[in-house]
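Presented sequentially are two complexes of subunit A, the first with subunit B as partner and the second with subunit C.
Up next is the complex of A and B:
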């Protein structure tokens, strides 16, 4: 689409939102990718003043519990271990250190783009144990599952996964049950929904009378999603709508779901700033325990205290915004992050800091 | 001999053999070939002098290598003061065991870049360090150029009302290197834009009284460069998202990796800040140069918001463009 066309369509959608929207409403964008896209495009400035957008817990790096980060740092200290991890996790502070610091101390920590790359490292380093840190939601879990199946097929014995994978619908339920924030609608994650589809969100309109729209990351996708939510809310007919039909099917990606099902079982998980949520994590099934770093290294899920003054917990629960945090932009910046929301490119604090709005 | 040995850096016979037998031939000229401990050159007028070190990984990437980068980087830094680059020094720090064939390829590519830029390498140094003491090869180059009369180009000279011109597409180098480093395979391969920009700058020097700032947006990308200029000049800047040239392949790669093209490195682009009355003519001159075909006016300098860079988004909203902080890391989902 040409930029001109895109702008015209965007204008139409914004006018439509202004026309139908009458009430003060809170919409939560679950996904950090949406927070970034919304701030980058300045979408908040274009909406009616009574439509509030709140950032949710959908930043995989941000919700990794401090205690789990400590476990990963501990793992990376074994002389025969190569730790493989996705991008920005290496900068996240644990209780006392970070993977970046551990790497500077001489431990072998590699940033990978996919679990299959970590498997490659295992093939090339038969004398070492390669631990892939499995973080992320339903988006990354299928490829990690595929890497374990591949390792099993090839008989690769030095490949391990430390699964900290988390599930989206259970944390949504936990947030709604807590009643801490009054929400009218949820912008559901785009990439996660390509895997799980639309059905897992159906309990939200049904049990909580909250509107849902699954959307992509282009400005038009987001505006269309917001438009759907406002319409559902104003007409009092909450449901799950898909504004991202080119990528999301109601039933999801069956192949990816099957891979996850084969390798993982659902268990409890610790969420930074939220706590332990039963049924919100993925652990390796018994038959794959030789690949399970949690079993091999006897790691137990745990939580640890947050740095003093850090509001990442409240921000991840959408109870506060980054601008409410006294550390934001002062003691906590992308160069010297205090909490994870300032570290990750998908974190709300980093997005607010980098893409702050201007009266231009 | 197919690998560099520690003894090649000893200063003795093997050093001479390496330099005379394998390296000098690529870059020889009458000054260098005297083989004195210092190059003797005659220059008159105001001089520009700069130095830069190159530690890129991988050493070879689509569209260039560390050799081309080492010449172009220093040539471009000289060009940003309006200088005509003339002489370069070259220091090689080589890790023991480095393949001679690779070193020769790099020397050849330095020769080609120097020839293209019309610059001479007049003095040099070679050191070999223990295995593990360097990552293959590090290069330092310093350069000297002469600044024409009536030139007053500095990062502190932007004035409200000036136009911001960019010489072409954003992010090509950073994406090409990242793809090579991480072995990412894109359907449309992205080539680094690494190029010497001195002739592009020379092509607009007839308007030099109207040119206020020149800067090459390398590491930290356009965003960091504009923030530096806004800070130095104590002005604001506004850029238009829809005016920024970005190749489709680079945009897709950035989307996938969670990067923003305004923060990704370039090695063959120039930002020109010029008085509005001549900006169209400067743009036209840039567009007729081979390294400036996709030049565009991307914004202007403002009195408002001194030290800040604001982007008008495609949707018409405004946001602040800050400097790059930390290293660029790909996102997870």
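Up next is the complex of A and C:
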């Protein structure tokens, strides 16, 4: 995959990691995009055997709670509703159905790439209510906020958002507080950080003495991030470093933060496998309630049972790997997924399945 | 989900820009990066530019990596 100078620099970084790394460490890549890149590029095999990479909960489709999937399916059943959703969510099983099944039953469910497309659908279908399912972390939330502000400016009254947006620092805190998995360093999400910057992670080295590196998605970015983490850990000086300086500023994207702040308020959210985490979700502010599907359709966050035998919850907490799951590759495959970690292209199970990660 | 791709901004019209990647042009919103200029590279996520790529930082990163001396 790598060419020319990139390969030379990658070799140097790997040699440097081998030189300075002396002890057994666990690094968690928070973001599903990193999990995919690491497995696809075979980065684990390039590292010392005592540097372990664990996949974290950074897959929005995967962490959407079953109860919330049930609410979306319920919503899609209204005759006058067009449900607009980002791709993979449509295949995620709820308690008894999925959006895909709901669509097969004749409900109007459309896959969109952007909230702007959902807004277009609303313009073109004035007799219908178009509900954009807002999933995603801080990368996506500002785009949905911008779409709501645009709808308000243009007076589009049939555009609604069901906000299930989630925040990354609070879930990191919840995982660290649980103490379930011992972590030495976190590969922090690159694109979330273009929005929130570096400061929201500062409590991690400060309160938990855990190293942080905000990392891009190219092989060199990932190796540089790991090198930073190993150096911080070995020298006993955990901090937040940015290995993705071309895209991430320490203060983040102030405009994106401003729009998020304008439209959303911080509230509680349900995370699959983790449960309810106060302060980890975004809901629409009172002044934007006419755009709020949760208010208009009276949807309330709820918990629901997970598919039997599925280890997605444990896998999202990095307590288990896909290889620990008895369903993996047998009853659960990308064609016939049981849980969301196999549905989403950036779910750990899907990445392990596609890129052939094995215990060896 | 948080996938973002680098694209080049070709032209700007209000909050909308025409961007290009690999020879394909499409429209993107620049509502989140109002300071962007034509010719800049941005990271595009879900139809919105979310970050302007800093070329100087990109070169500086490469320079620092080149400086690693492995003993």
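The rule we apply is simple: the second predicted complex is superposed on the first by the 354 of 360 C-alpha atoms of A that agree within 3 Å, B and C clash if a C-alpha of one lies under 4 Å from a C-alpha of the other, contacts with A are read in each partner's own complex, and residues count from 1 in each chain.
Convention: a contact is a pair of C-beta atoms (placed from the backbone, for glycine too) under 8 Å apart; a residue touches a chain by one contact, two chains touch by 3 or more.
The structure presented is a predicted model; accordingly, all values stated were derived computationally and were not measured.
By the document's definition of touching, of the two partners only subunit B reaches A:219; subunit C does not.
Once the two complexes are overlaid on the shared chain, A:354 sits against subunit B while remaining clear of subunit C.
Of the two partner chains placed by superposition, A:238 touches none, neither subunit B nor subunit C. In the superposed model, A:259 lies in contact with subunit C only, and not with subunit B. Once the two complexes are overlaid on the shared chain, A:200 sits clear of subunit B and of subunit C alike. In the superposed model, A:248 makes contact with subunit C only, not with subunit B.
Once the two complexes are laid over each other on the shared chain, residue contacts for A:137 go to subunit B and to subunit C alike.
When the shared chain is aligned, subunit B and subunit C each come close enough to touch A:86. In the superposition on chain A, A:42 makes contact with subunit B only, while subunit C stays out of contact range. Put simply, subunit A uses residues 33, 60-61, 86, 113, 135-137, 139-140, 191-192, 344, 346 to touch subunit B in one complex and subunit C in the other. Taken together, the subunit C residues at the contact with subunit A in this complex read 1-4, 29, 31-34, 43, 45-48, 50-51, 53-55, 57-58, 60-62, 65-66, 68, 70-71. Residues of subunit A touching subunit C in their complex: 9, 12-13, 15-16, 19, 31-33, 58-61, 86, 113-117, 135-137, 139-140, 142-143, 146, 149-150, 189-192, 194-195, 220, 224, 245-248, 253, 255-256, 259, 344, 346. The touching residues of subunit A, counted against subunit B in their complex, run 3, 6-7, 10, 33, 39-43, 45-46, 60-61, 86-91, 111, 113, 135-137, 139-140, 191-192, 217, 219, 333-335, 344-346, 353-360. Residue ranges of subunit B in contact with subunit A, taken from their complex: 182, 184, 238, 242, 255, 258, 260, 305, 308, 310, 312-320, 322, 325-326, 329-333.
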